[in-house]
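As structure tokens, the structure follows; a few thoughts come after it.
Per-chain residue numbering starts at 1, and chain names A, B, C and D are given in the order in which the chains are listed.
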Amino acid sequence: MSESQRVAIVGAGGYTGSELVRLIHGHPRLELAWLGARDNAGRRLGDVLPSVEGIPALGDRVLQPFEADRAKELAAQVDVAFTALPHAASARIGTALLEAGLRVVDLSADFRLRDAAVYGRTYGEHPAPHLLAQAVYGLPELYRDKLRGARLIASPGCYPTSAILPLVPLLEAGLIEADGIVVDSKSGASGGGRAPAPAFHFPESSESVRPYKVAGAHRHVPEIEQELSVAAGRAVQVAFTPHLVPMSRGILTTAYARVRAGVSAADCRRAAERRYASGLTAVLGEGKLPDTLAVRGSARAQVAYAVDDRVKLVIATCAIDNLAKGASSQAVQALNVALGWPDELGLPEVAVFP
Amino acid sequence: MSESQRVAIVGAGGYTGSELVRLIHGHPRLELAWLGARDNAGRRLGDVLPSVEGIPALGDRVLQPFEADRAKELAAQVDVAFTALPHAASARIGTALLEAGLRVVDLSADFRLRDAAVYGRTYGEHPAPHLLAQAVYGLPELYRDKLRGARLIASPGCYPTSAILPLVPLLEAGLIEADGIVVDSKSGASGGGRAPAPAFHFPESSESVRPYKVAGAHRHVPEIEQELSVAAGRAVQVAFTPHLVPMSRGILTTAYARVRAGVSAADCRRAAERRYASGLTAVLGEGKLPDTLAVRGSARAQVAYAVDDRVKLVIATCAIDNLAKGASSQAVQALNVALGWPDELGLPEVAVFP
Amino acid sequence: MSESQRVAIVGAGGYTGSELVRLIHGHPRLELAWLGARDNAGRRLGDVLPSVEGIPALGDRVLQPFEADRAKELAAQVDVAFTALPHAASARIGTALLEAGLRVVDLSADFRLRDAAVYGRTYGEHPAPHLLAQAVYGLPELYRDKLRGARLIASPGCYPTSAILPLVPLLEAGLIEADGIVVDSKSGASGGGRAPAPAFHFPESSESVRPYKVAGAHRHVPEIEQELSVAAGRAVQVAFTPHLVPMSRGILTTAYARVRAGVSAADCRRAAERRYASGLTAVLGEGKLPDTLAVRGSARAQVAYAVDDRVKLVIATCAIDNLAKGASSQAVQALNVALGWPDELGLPEVAVFP
Amino acid sequence: MSESQRVAIVGAGGYTGSELVRLIHGHPRLELAWLGARDNAGRRLGDVLPSVEGIPALGDRVLQPFEADRAKELAAQVDVAFTALPHAASARIGTALLEAGLRVVDLSADFRLRDAAVYGRTYGEHPAPHLLAQAVYGLPELYRDKLRGARLIASPGCYPTSAILPLVPLLEAGLIEADGIVVDSKSGASGGGRAPAPAFHFPESSESVRPYKVAGAHRHVPEIEQELSVAAGRAVQVAFTPHLVPMSRGILTTAYARVRAGVSAADCRRAAERRYASGLTAVLGEGKLPDTLAVRGSARAQVAYAVDDRVKLVIATCAIDNLAKGASSQAVQALNVALGWPDELGLPEVAVFP
């Protein structure tokens, strides 16, 4: 078991980068050895991330530029790189770092889909299809064994995490039908990233709840379907509707699936409890329902189940912090597992409440 | 056609009462002749409703107490009474006012369900079952003819309005299956009323999205099912999940239903456009989606349709202001129709944006 | 007294333009005859303003381009033009429209400062200094007489309105010292306009309160000082600190000034009540304090006074809706007065609460 | 230097208690040995604090009742007690615990004021005036030496912390006049505590900015004045205006004071930098201004200075998280100092951004 690791963040100026800085700074065995950015290269970290302004050891550091041809140089300084860049760019840099000998945890979509053709239909030609077989999907609750020692980790998307966690145990245990699953998700605005845009302009986000990219148009659909298909042992397709709600952090997903005859909410809870005996996903007890505020700033997920006997549907719900369990804390959790450390090492378990 | 009407609001201190004050004050043919309250009786209106503080003609008026035995007295002063009290109380007072000769628009749940037994299972014994046959469900888009001249109007619930508007045209036209309908609704906190409670305490509502009363437990389920059953011509049951989101006003409902073979989003739009040729419900064009911010403070509803051909589901969406089209403006709209006036008379059509 | 007026809005796609559309659409004697924009020219109004999407008579209209050389053409179609463009552009177009014979209500900063040199130091060379003497400062509570019949109205800024209203009566009545006045203002994000920017990106506005442009750096300082100087009869300088708070609409200004010996809060209230006997500014009674929520969406302002006898300071507070009394409703109110109509004609008095 | 300490929280169900649970759970040398409450005694912690629901080691613990006569019993189990109860109750229980041999960090107002008569005028008769001389004001930036080894620590109020930090260095260095200081503070709703009330009901907090308890009426005025008087070496009185703004956590204070001739912002910064060379208060560089979002969830404060030369005033600003540096993290920081540990031990330095 490694004693400690030097870490690079490539793409520290965005929201997942910002959250990685917070989490790694508080981690007892990870050292923030190198911080890089693209558009923000050359700027003081404190000028880019208000959260570190006034902490000299962080705020006065300067964000480094990074080009793939400097991978060897970086490999001499760190053990692990978190890549948090837009898709395609992330893969290119991640590939170079991996080949230079670093362990890579990629927070983009680039290594999540196992089939380069599926990736291609959504994102364009894959920059490094030869690495897909090597990449491990970084959801420790499901891929614990594969993650141990993994050198290329594809950290899951935020919406997929919130859809996969409540549904996979039910599909694996055969408690629900694989057809006709509906996934209705509500996300805070930080899920849209840090670049200002009309959809996230405060006066037009406040008091606004709206669906977007409905009817299969969202890029996360193939990722959700990939993991549900693994669990079901057959191809699964879902109706996925993302919504933007006026909060900063958090995703609440409400999934609907037809239950097999006689299946109760307690059956669902038991299946999930067995599946999530280790990890950072809590199965809430009878009568409890998840709440984004109950996980804000924390590395944990909450899932809960109710069955509507009148219409024979399970209502499977999940709350995560989209920047933590939906991105950066999950990336650190996966690294913890890869290194043989406890999942929760250095991660905030108690939410910031209120 | 009546020239103008003197109006009483019984229950002016809550949120639907507050919204009635705003709307009726701005209505060219309604005169705010009498304002009553229960707990707030005897207080200055400006001390109860900050929205009128500083307008002497409103703020300095004193809220009157009201007992059912004073119905005759009130009937001498006004033509129409809006009752906005908790259920049961509303029916008792509404009955007295109706019998004293007033036209009554009731904003509680008391006259919405046609079957007293169904009411009883949810709310307890009905105080005035003999009036149920006379009450008209106050959704002008659906009950225009019955509303003309109606003397007892049951103003619809907020969630039901947002579920019925997008689904009824599809059921009536036979475009969707009546089985397996999922209704996933997201409501602002004002839907919970004006009494402070932990669920609506600002620090615990902010950054919080959460489901509640899942799996058929919400009181609005029978009302939704009643109207969908009428449209389908058979008994319909739905999975209904209400969610609380951190905004003040607004409901966004996302409904899922299986489309019949070959049905497109355009088919759904055409069915709704035909149905809503008159009234205050807009059917959005292709590619457009509803937004609570686009209807805030306005008397309008927005509905839109998308079909996910991969999974054969329609995603039918609707945005309303829960206190306006989901309560008070719909009550005024129904009165307008009852009196032979245009639906939109005196009502705000343009939303408060941003 | 004019019976009705045809109105043009030049710059209908921004927030003040959007609010003008709402207010003029609801005005019984103003007809929305022409709608123009710069960047949004050629687009459907419903695509630009979500608040009118679904209202065919508004949403399907197309925003017209406007160049100053088409002023005569426009003058044939309308009686009054509201110009809501960035400074300098607003003056250029306003000048052309004025010279073509239209009455002009300008919502930019261009005609607010009487001294072109002061304007120049803040905004650059004035495009039409010869018109400054003709422009009337559009604060009806203070300039009622000059506004009657005015053909060029300079609608006041949002911060200035909130600072001038509580302080002018005290300066005029000699109740406070003119030296050492502090103006501490808190504004919602819509004050920053509609263009997305990091400062107004939802995740960075939410849970954020911050001062900006402190120590005299804000462009509204000269306007505040101009009007306070008129009231004091001598040059007045203030410390002005604007703050951004996480709400969409509203300004709350807290001003501090040294009271002359023996002056009480009641004295301040009486002075303000005399000054604001007509208009849309309410002086709150003893123990009451203003609240942005109590004026949201309404054309009214609230002012209140408290005196801290220990430190001999008056705390003069004011709440307005920055887009209404701080911009668009004040512009309509000024036009009402110019045309000899009541201040409040067609304007919402009751706030949207909650 | 102590190796580790067992900790009790008396009053774990409120917001400062909740934040203590989060901070102490993440502290490497503090062990959460005992959790008590008053109204919530007997309930599962997870039922009271959503932030720990799903963490068995915390969520399943049961809140203990506490009576002063059980102090000895508790003293056998822990080394330190944090008391987070309403005033008077806190003092009674704190006294018993102190006398039973525990170190006590009190988060109420009970031990903050050195003069029992001043306390009496605000809160009623002091329950333990004999302990006032022994209590150390727990602001480590100012009372580091007295805190070392302290056994009774009075953790400062939230508003006072935000007013004292920016002003004390200026008063101590004689850079400002002690007369005429204005303190204008903007607080999030969590400052009002956890009990639901109309002022904090989401629909009435959202979009609402309002002053309250103006003109010296707020209970924190004597505490602010006590510490400013110490710094000035003479009695200081301030005008203090608290405001409620629509956010959950955070206080932004803007203070105004007359600068002595020739004093610049740089002079103010230097004075503060010298004063805060150690501790968790950052003095921001030229042109930077504090932001509540930049300290949310963190143990740090930000202060900044600007001088308006036209009016000879310094604008001294400060941002804190009211529940962290304004309450619970400051209490832990003070304990760290009392025990000879580094201020920041176990405390979150990087803010939760966004």
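Here is the rule we go by: contacts are C-beta pairs under 8 Å (C-beta built on N, C-alpha and C of every residue); 3 or more make two chains touch, one makes a residue touch a chain.
Nothing here was measured: the structure is a model prediction, and the numbers come from that model.
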Tell me, please, which chain's centre (mean of its C-alpha atoms) is farthest from the centre of subunit A?
C
Could you let me know which interface, A-D or A-B, is made of more C-beta pairs in contact?
A-B
For the pair subunit B and subunit D, the C-alpha centroid-to-centroid distance in angstrom is 46
For subunit A paired with subunit D, centre-to-centre distance based on mean C-alpha positions, whole Å:
35
Using mean CA coordinates as chain centres, what's the subunit A-subunit B distance in Å?
39
Give me the residues of subunit A that touch two or more other chains.
15, 188, 190, 203, 206-207, 246-249, 291, 293, 296, 354
Subunit C - residues contacting subunit D, complex:
180, 182, 184, 186, 188, 203-204, 206-212, 214-216, 237-239, 241, 243, 245-250, 252, 254, 256, 258, 289-293, 296, 306-311, 313, 315, 317, 319, 354
The residues of subunit B that touch subunit D in their complex are 15, 188-190, 194, 196-198, 200-203, 205-207, 246-249
What residues on subunit C touch subunit B, complex-wise?
15, 18, 21-22, 25-26, 28, 49-55, 58, 190, 248-249, 282-284, 288, 291, 293-294, 296-298, 300, 302, 348-354
